[in-house]
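First chain A sits with chain B, and in the next complex the same chain sits with chain C.
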Partner chain A sequence: MTSITLSTIHRADGSATFTGNGYAVIATVNGPIDVQRRDELPEEAAIDVTVRPAGGVGGVRERHLESIVQKTLRHVVLVSAHPRTLIQVTLQIVASQEDHLNYGSLPQTSPYIPILPALLQASILALLSASIPLLMTLTSTLIAVKESGGLAPCPSAQDLRAATSIHALAFSSYGDLLVVESEGHFTSEKWEEVCTRAWSICHGEEEEESGSDDVSMGSQGGARLENVLRDAVRQKVVNEDKWKQSPLITAT
Partner chain B sequence: MAIKPTPPQSSTSPHPLTFPAHTFAKLAPKTYLNTHLNSAHGPVRPSGRSPTQTRTPTCHTGSLTHAHGSAVVRCGDTAVVCGVRGEILGAEDVPDYKAKTAEEIEEDDEHEMKYADTWERKLRKQKESSEEMARLGLLVPNLELATGCSPTHLPGGPPSTLAQTLSQRILTLLHTSNLLDMKDLRIWSRWPRSGSSSGSHVEEISQQDEPAQDSVKAFWVLYIDILFISLDGNPFDAAWLAVLDALKNTRLPSAWWDRDREMVLCSDVPREAQQLTVYGMPVPLSFGVFESDEEARGKRWVLADMDGFEEGLCRETVTVVVGEGEKVVRIEKEGGVGVGGKDVRGLVELAGQRRTEWLEVSGKEAS
Partner chain C sequence: MASQKIVLPGETIGSDVLPIPSNPNLPLKLGPGLRHAPPSTITATIAGPLCIDQKKNAIWVESNSGRYIPQPNDLIIATVHHSSTDFYSCSITPYTTYAQLPQLAFEGATKKTRPQLNSGSLIYARVLTASKHTDPEIVCYNPSTGKSEGMGELKGGMVFDVSMGMARRLLMAKQREDGGVAVLEEIAEKVAFEIAVGRNGKVWVKSGGVKETLLVGRALQEADVLGLTVEEQVKLVRKMIR
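The block that comes next holds the complex of A and B.
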């Protein structure tokens, strides 16, 4: 369901394409590069995030998404390793479910939460591809709470419209909660349930002990997100190291 | 206070490394805050508040005479003015607008009455209302930080990232919290008023025999302008409280579509003006997480309702919005790992207390 391609754009220092749940995002990373005097930080690298929508030019909504991604990456990237430089992250949305959400002519009124996990995943993959030193990696997922109270991980556009609340959560590779964007109407108990569920989607080491309706959804989700990410990177490394296994080299 | 200026021992050799407290705060802000929070008498912030103590908000409504509703909200040194002005949007100007007849809307309302027994159904109904508002773009918040409110926001420039982010957050919260009712914003066609202004509209409607021909001819668009007079931390909470109070204060004049003149007319009788229905009264509370040492994962403090000084030192922020019946309307958290899944419940409780406090303040102003 999710597909990851690393280093899709060869001119950039690092790039990645993340496709999943009806969203596709291409991320490129350039850095560490020279920084404008105005944006320079004396003790750490400045991170600049640009989000470009699938159609048209970005507006207020994109600025807000940029600021969420920027604040997250500032914590994830080892910024102190490259003081007085710039790490530039560009995120191009290629496909999004919003076209089916029918929110009319005003893009800023359509919910921005559903696209956030794809943006975060794509940016972290591009950072890995650019070999930027990181403190941690992250995995992010989207969960909708249905009217019946059940949870719908990876919700479709219809699920999102019918949901009483939607939640985007991101966890660091240590399992800590990194980003939360939740909207709708819900109780703290429900939110905790969502959080546990999101954690088990992102980090599958522990077997979840929750209710009966979750079991079928869990099996549908398949591999844990963290493993999906790890496999994608491993595959890339294996492919790049193939020349070492070449019989010509081993012979000499 | 942990740091105090020490008097010089003698006039000839003053101690070279002694500063007054405010100089120390400027030179080493992190150490300054850390020393306060680690003080022997329990953690206390430079402002004298405890970590979870908020600044008591004050509000004043109806001070702008040219707006349909307005409010000034002040939390500590953060002061915000919000004005709401209604403008008329003709239904024929909306592309692809499919007009609902009065019967259909009435049917919907009846349906709602019949099934409004459960919370979920009520929510669905309100959600449809908000979706229509979003589709038509009837709520237009605009936030202005470049008013000389703080030295970091220079007047005259384009809207800063912070201003854009805040206005997007307010727009989203206006729609997702189902704050307003679509029925307040519809303008109907009616028969021309009979000469004297003594008869009320209710009678006029009952006089006409063709209710089936009634249809929505125009909408009220609410322009919500938010101006920061002064900014000392926590802009979102103050801005939202101002929006909330201004909307509660808004009185739209009674308007109708005149069939003879084919235009929307407004009544100039003040007592005919309609107050907006504001549902739920969701109240936000923002927190910052201060880490004494980021690399070593040192001690963390969650500070409620940060001021400007603290905001510069906290990278991780959490905002919790609590509405009616202890329901959470929104949670936003970004920038760090200080607040985990288990801490959120405590923050929701604090936000609930903040809501009670605000309702008291706002109720006092209204009465």
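The block that comes next holds the complex of A and C.
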């Protein structure tokens, strides 16, 4: 369901395409490059995030998403490794579920939370592809709470519309909660439940299929997001090491 | 390097993975992509295969992509951007700070006889100093011997972009055995050409005509992008020369 390709854009220093849950995002990273004087930080790299919507120009929603992604990446990237430079992250949304949802004519009125996990995942993959030194990796997921009280991981457009609350969560590779954005009505107990579920999607062991009231659980496939990340990197390494398969090399 | 372990940023390298030195006095060398947090924690900062050299007691993470970060003693191909009284400002990678090339850092250069470089000219140089806090400094001669050793202005020819991994392979002492590059040797049997490889992913080629120059450059790029093995490279060159 989720598909990842690393280094899709060859003119950028690093790039990745992330497709999953009805969203597709192309991320590119350029850096470390020269920074404008006013953005320069004397002891760390500045991170600049640009989010471009699938259609039209970005508005308030995109600026808000940029600021969330930027604040997250600042703690993920080893900014002290390249002081007085800029790491530029560009996120182009290619497909989004909102296309199928009718929230009115203004795109700004659609919620910003559903796209956030895809943006975070795509940006971390592009950073990996650009070999930017990182302190950790992150994995992110979206969970909707249904009216019945059940959880819907990776909700579809219909699930989102019917949901009482939606939550986007991101965890670091150490298992710590990095980002949480929630919208709707929910109790703190429900939030705890959502958080535990999200953690197990991102990090937890392959747990028993407990989703009694989950329809979309099957499509999840049970693969931990962290493993998906590792597989993408492994695939890239295999592609780069293709030339080594020569018998001449293995003989020596 | 039998088992290729892939690491992701933030992963700790356990002490059981570290190479065991033959001589206990030999310090452990940490290469690119690894970070040491005192007292004894080693974590990866980039994603890639973990490589270990038992003989040199070294450990590093290989990476083929990303932007070139200047390191001392690297040979690079740079473009002169502008000149000031004492220095030429040269660009090593696009959109980064310019590297400083002293105007007298050439073989046998004095105040009176020094090479005049215009903006846009290519130079083959060595990185003298590079640190994250200062602009890199490059020179076109070996400071210990005073000889140019092939460095200096590159006149004529063309520059081709290759990946960082390809540049590293081309600069290996035994190109065919260690680097798995047979393109140049194969072409050299039929066509005469000059080549300079920069660690920053640039290859300069000069030969009799445009056709031959393009042949060398395109063959290298193709072998790089498609990840061709030695046999496939030989086949490719035969096809291109025909």
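As a working rule, the second predicted complex is superposed on the first by the 232 of 252 C-alpha atoms of A that agree within 3 Å, B and C clash if a C-alpha of one lies under 4 Å from a C-alpha of the other, contacts with A are read in each partner's own complex, and residues count from 1 in each chain.
As a convention for this text, a residue touches a chain if its C-beta (ideal position, glycine included) is under 8 Å from a C-beta of that chain, and two chains touch if they have at least 3 such contacts.
Note that this is a predicted model, so its numbers are computed, not measured.
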{"item": "First (chain B), second (chain C), both or neither touched by A:G184", "value": "first"}
{"item": "Which superposed partner A:V94 touches (first chain B, second chain C, both, neither)", "value": "neither"}
{"item": "Chain B versus chain C as contact partner of A:L41, first or second or both or neither", "value": "neither"}
{"item": "Which of chain B and chain C A:V237 touches, first, second, both or neither", "value": "second"}
{"item": "First, second, both or neither for A:A54, with chain B first and chain C second", "value": "neither"}
{"item": "Partner chain in contact with A:A157 - chain B first, chain C second, else both or neither", "value": "neither"}
{"item": "Touching partner for A:S172 - first (chain B), second (chain C), both, neither", "value": "both"}
{"item": "First, second, both or neither for A:G14, with chain B first and chain C second", "value": "second"}
{"item": "Set intersection of chain A contacts, chain C complex versus chain B complex", "value": "172, 174"}
{"item": "Complex interface listing, chain C residues touching chain A", "value": "4, 6, 8-11, 33, 35, 45-49, 63-67, 69, 94-97, 132-133, 165, 169, 176-178, 180, 223, 226-231"}
{"item": "Contacting residues of chain B [partner chain A, same complex]", "value": "95, 120, 123-124, 131, 134-137, 161, 164-165, 167-169, 171-172, 175-176, 178, 315-316, 318, 323, 326-337, 339-342, 344-345, 348"}
{"item": "Of chain A, residues touching chain C in the complex", "value": "7, 13-14, 30-34, 78, 81-85, 128-137, 172-174, 229-230, 233-234, 237, 239-246, 248-249, 252"}
{"item": "Residue ranges of chain A touching chain B (in the complex, touch as defined)", "value": "60-61, 63-64, 66-68, 71-72, 74-75, 102-106, 108-112, 147, 164, 172, 174, 176-188, 191-192, 195-196, 199"}
